[in-house]
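By written order: A, B, C and D. Residues from 1 in each chain.
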Amino acid sequence: MGGIELLTITVLAVFVGFEVVSKVASILHTPLMSGANAIHGIILVGAITVAGQATDGWVLAVGLLAVVLATANLIGGFVVTDRMLEMFRGRNVSGKGGKDAAAPEKGGAK
Amino acid sequence: MGGIELLTITVLAVFVGFEVVSKVASILHTPLMSGANAIHGIILVGAITVAGQATDGWVLAVGLLAVVLATANLIGGFVVTDRMLEMFRGRNVSGKGGKDAAAPEKGGAK
Amino acid sequence: MTILDPTWTALLYLVAAVCFILALKGLSSPKHARRGNLVGALGALVALVTVFASSRLENIPWILGAIVVGAAIAAPVARRVKMTQMPQLVAMFNGVGGGAAALVALLELPNASDGWLRLAIAFTLLVGAVSFAGSAITFAKLQELMTTRPVVFPGLPVVMGVVLVAAVGAGAAVVMSGSAGIAVVLLGVGLVAGVLLVLPVGGADVPIVISLLNAFTGLAVAASGLVLGNVLLVVAGTLVGASGTILTRLMAAAMGRSVAGIMFGAFRGGSTAGSTTVSERPVRSSSAEDVAVLLGYAQRVIIVPGYGLAVAQGQHTAAELAQALEARGVAVEFAIHPVAGRMPGHMNVLLAEANVPYESLKEMSEVNGDFKQADVALVVGANDVVNPAAKTTPGSPIYGMPILEAGDARQVVFLKRSMRPGFAGIENELLYEPQTTLLFGDAKDSLAKVLTAVKGL
Amino acid sequence: MTILDPTWTALLYLVAAVCFILALKGLSSPKHARRGNLVGALGALVALVTVFASSRLENIPWILGAIVVGAAIAAPVARRVKMTQMPQLVAMFNGVGGGAAALVALLELPNASDGWLRLAIAFTLLVGAVSFAGSAITFAKLQELMTTRPVVFPGLPVVMGVVLVAAVGAGAAVVMSGSAGIAVVLLGVGLVAGVLLVLPVGGADVPIVISLLNAFTGLAVAASGLVLGNVLLVVAGTLVGASGTILTRLMAAAMGRSVAGIMFGAFRGGSTAGSTTVSERPVRSSSAEDVAVLLGYAQRVIIVPGYGLAVAQGQHTAAELAQALEARGVAVEFAIHPVAGRMPGHMNVLLAEANVPYESLKEMSEVNGDFKQADVALVVGANDVVNPAAKTTPGSPIYGMPILEAGDARQVVFLKRSMRPGFAGIENELLYEPQTTLLFGDAKDSLAKVLTAVKGL
């Protein structure tokens, strides 16, 4: 793939990242950080690719280590973010609570 | 250039377009529409390209027509937008005016 | 000439694309709007220099000549147009942009080697033509070259269906055959579709349609970018398409309407626009002198400008009246409803042009509490935006729209020409309230008379 | 196995990338935060299925095994961790992600054919290693495996300079030679740099550093996406890098500080953290029973939780106390300062975990007017967030930070262990005000005693 296309994609992704996050309420700073943290765990795809191409033992070992670490990042990240957000579940915010009201997804099981 | 890269670029540009505009104050609706209108006048680049490749008279004529139209869109669009926004120039909004205060670029010449 | 290699070309196009993004960002923020527009123009300049410096172009003198012609037509018009005519000018510029995109696509057809490219070409032809013709009709409506009322004829839905089928058929044929002849047919079908799409829309809804067609043109430009393999066109077109779509929805929402309702409302017979029912109930009307006394000895006056002020072009007179009152020690504010006037935000522009200080222009949410303390609410050519039916009458076409609470003022004065309702075509109970007085006549004339009388107090 | 052709693969990766964008969008909105996280997880799932279905992979059993191991380690920890320990867990997950990116880059080095790719690899190695080591130190600080105070030693700036030079040198050598040996050296330099970068940061600033390292890891992932030619990694990494940068600045701004000040403040000797000055001036202290009477017979109590409540893990006791008071008819609210606690927004999470109803949690701007009507402001393990110096003392490290106006309440009760200042290391005049009473002791113990006494009233 051409470098310029990748650069264009990168630049656009920078704008998307800036814009999406720029107005987040302070109450969501921590979950947002944690969720973004989970997203970069997608390096797992890269780790799988290199581990899957390994022919020599050392390379495979390092590749598998990368897979373990990336998996921990990815799965741990999403789980811990969900737990944080679960804290706000099922609370009665109907009517009040205003624009900063957190996540009224009712009835999520503990 | 590959179709997938272009698709990716398109998708990202959609998000940028959505996000950037999603919280605009109603006072800016008209100038924003007009400014966006000017931006699509960049089809002029395409018109120049096709007119510059024309070898036969008809094609050149149609290409030049496209150049004229696109130029009108591009230049007229930016000028009319600037005029709209100039209306808000030099107004004293220091201190007050709040977040919806319009364009305090002082001292723009009439 | 080819000075730039492809990498540099692509980089400069990317710079231009970033300029466009920053332009939209700037235009969305009151502080940076004007600078945003200039950044956009800068991006366009970068792109133009790049295209000349990077491609092997023939016919350069011709092209430069065409650019000069285009600029010579557009710039003076754009510089001299009256504020009240800006909407139709924007419509026209939008239309020619769509037309240009369609022409570019037409000329690229012979070079389109695969089906996907021809699909993009067919899309551009159709959408560009719709945008061109639709914009022409909106222009004619706003310029009052034709009736501003919805135009509907009995077989319209059927005709629309036929056109749709023709468009799909011709589009498919273009994709299959790549024939230039069929492409021209598709272009023609697009023109017809554009006309039919906009005819049934009422005059006051036209701004929404302009915004929608603006988004269409953006999409057409993006598609022609795909055809030409030009990332800048893809990004710029997509940006405009996406932001235009959002903007259209925001504008419609500010009027409490849906985009679909605006486009197809007339088909369903539910068009609310342009009723001319005149009520027979009694109202209190008075003379310009009476109104002048009311205003001149008030402590606090809130002026509510509306569509009629724009039609009468009375903004300068209104500003003078405000000045004269303030010279007498009366506190004067203008209460701006987001959908008053011809386009969203248009009242601000109109009054700013008349040099009303920005601090005197109050947004709805800011000012609504103030009516209770106001001695007089002077409603100039506005109607729907102060109609209490929006709060009291479920089922009314404006039910649910936030309004300016002019009725809370101790006295309400309407300047209008008759008892005819406004855009929504419904009665305004506020006209019959005991605290309301009417001064009949063209808004500008009435304001001028009141102004003279105030100065003579 | 290769079931998917490249086009489908790319499309599915694009779907995953869109999921990630939507995830960030969702996470930025209180209403959709949890769903946003799930959408992100869905995107990850799509990407994983895609990579298995599209590449010719060897060693699949091994890889699956490694995934199981990783999941088996991370999931239970993530599920069982205490709310108060979430920051360090996030730091750890972030660090291992950075480490994984660095390892991937290391293994790709032999395949990198041109200088640009090797540059991206060098970048990933360095930044990934910094992120890994830096996160490890933040983990150690937050878990109190080491001192939470800034660690600075005399030659630190010099050592940092040497490390920087070494990083640039080794990076350049990797780009030139592509040697795996030098790459490992670069990795080592990155680890050292990460340690040195985080050591001088005080415990309370660590959350900002976590966010910064999070952005770093995003950039490392994006760079390794460039190396692998994988658009998904590029988009996801860039998204995290960009949004993480903004988030870091937002977090720092909420504390009235700059990111540079946090990272390099200790070098300039201007570290504000961790002063232990104890003042000699007299204060009023009282017993748990006195406080219980004050609270039990109040009409309106506002509880201000802070860092000390988190340290003492007193959130459940605080919630019980609030319940007991409400049972007596006292109106109780919690006033949440955006930077109270260990991380921004952490107080909300902490109290929500203790089942404090969401309506009782008031943001600063909502609650600040209420203190005037409050009988008692109960400040539990908070200090800086109620320190009037932020308004009265220009030059104070917290000057300009918005504070909770606890001093406006008729009575102020502090629960803390000593007269030691908070994070900013400055005296709090509010402690010496006539309306202030102190109850010394661990926050949880004090709350428990007060609770017992309230129940006995």
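Throughout what follows, a contact is a pair of C-beta atoms (placed from the backbone, for glycine too) under 8 Å apart; a residue touches a chain by one contact, two chains touch by 3 or more.
Keep in mind it's a predicted model, so treat the numbers as computed, not measured.
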Contact-richer chain pair [B-D vs A-D]: A-D
For subunit A paired with subunit C, centre-to-centre distance based on mean C-alpha positions, whole Å: 41
Cα-centroid distance, subunit A relative to subunit D, in whole angstrom: 15
Rounded Å distance, subunit C centre to subunit D centre (Cα mean): 46
Multi-chain contact residues (two or more partners), subunit B: 1, 3, 5, 8-9, 12-13, 15-16, 20, 23
Multi-chain contact residues (two or more partners), subunit C: 21, 231, 235
Those chain pairs that satisfy the touch definition: A-B, A-C, A-D, B-C, B-D
Subunit A - residues contacting subunit B, complex: 1-2, 5-6, 8-9, 12-13, 15-16, 19-20, 23
Complex contacts: residues of subunit C adjacent to subunit A: 7, 10-11, 14, 17-18, 21, 231, 235
Footprint of subunit C on subunit A - complex, ascending: 3-5, 7-8, 11-12, 15
Residues on subunit C engaged by subunit B in the complex (per definition of touch): 16, 20-21, 23-25, 27-38, 40-41, 43-44, 47-48, 50-52, 55-60, 62-63, 65-67, 69-71, 73-75, 77-79, 81, 83, 86-87, 89-90, 93-94, 96-97, 99-101, 103-104, 106-108, 116, 207, 210-211, 214, 217-218, 221-222, 224-226, 228-247, 250-251, 254, 336, 338, 343-346, 348-349, 352-353, 357-359, 363, 366
Residue ranges of subunit A touching subunit D (in the complex, touch as defined): 1, 3, 6, 9-10, 13-18, 20-55, 59-60, 62-89, 91-93, 96-105, 108
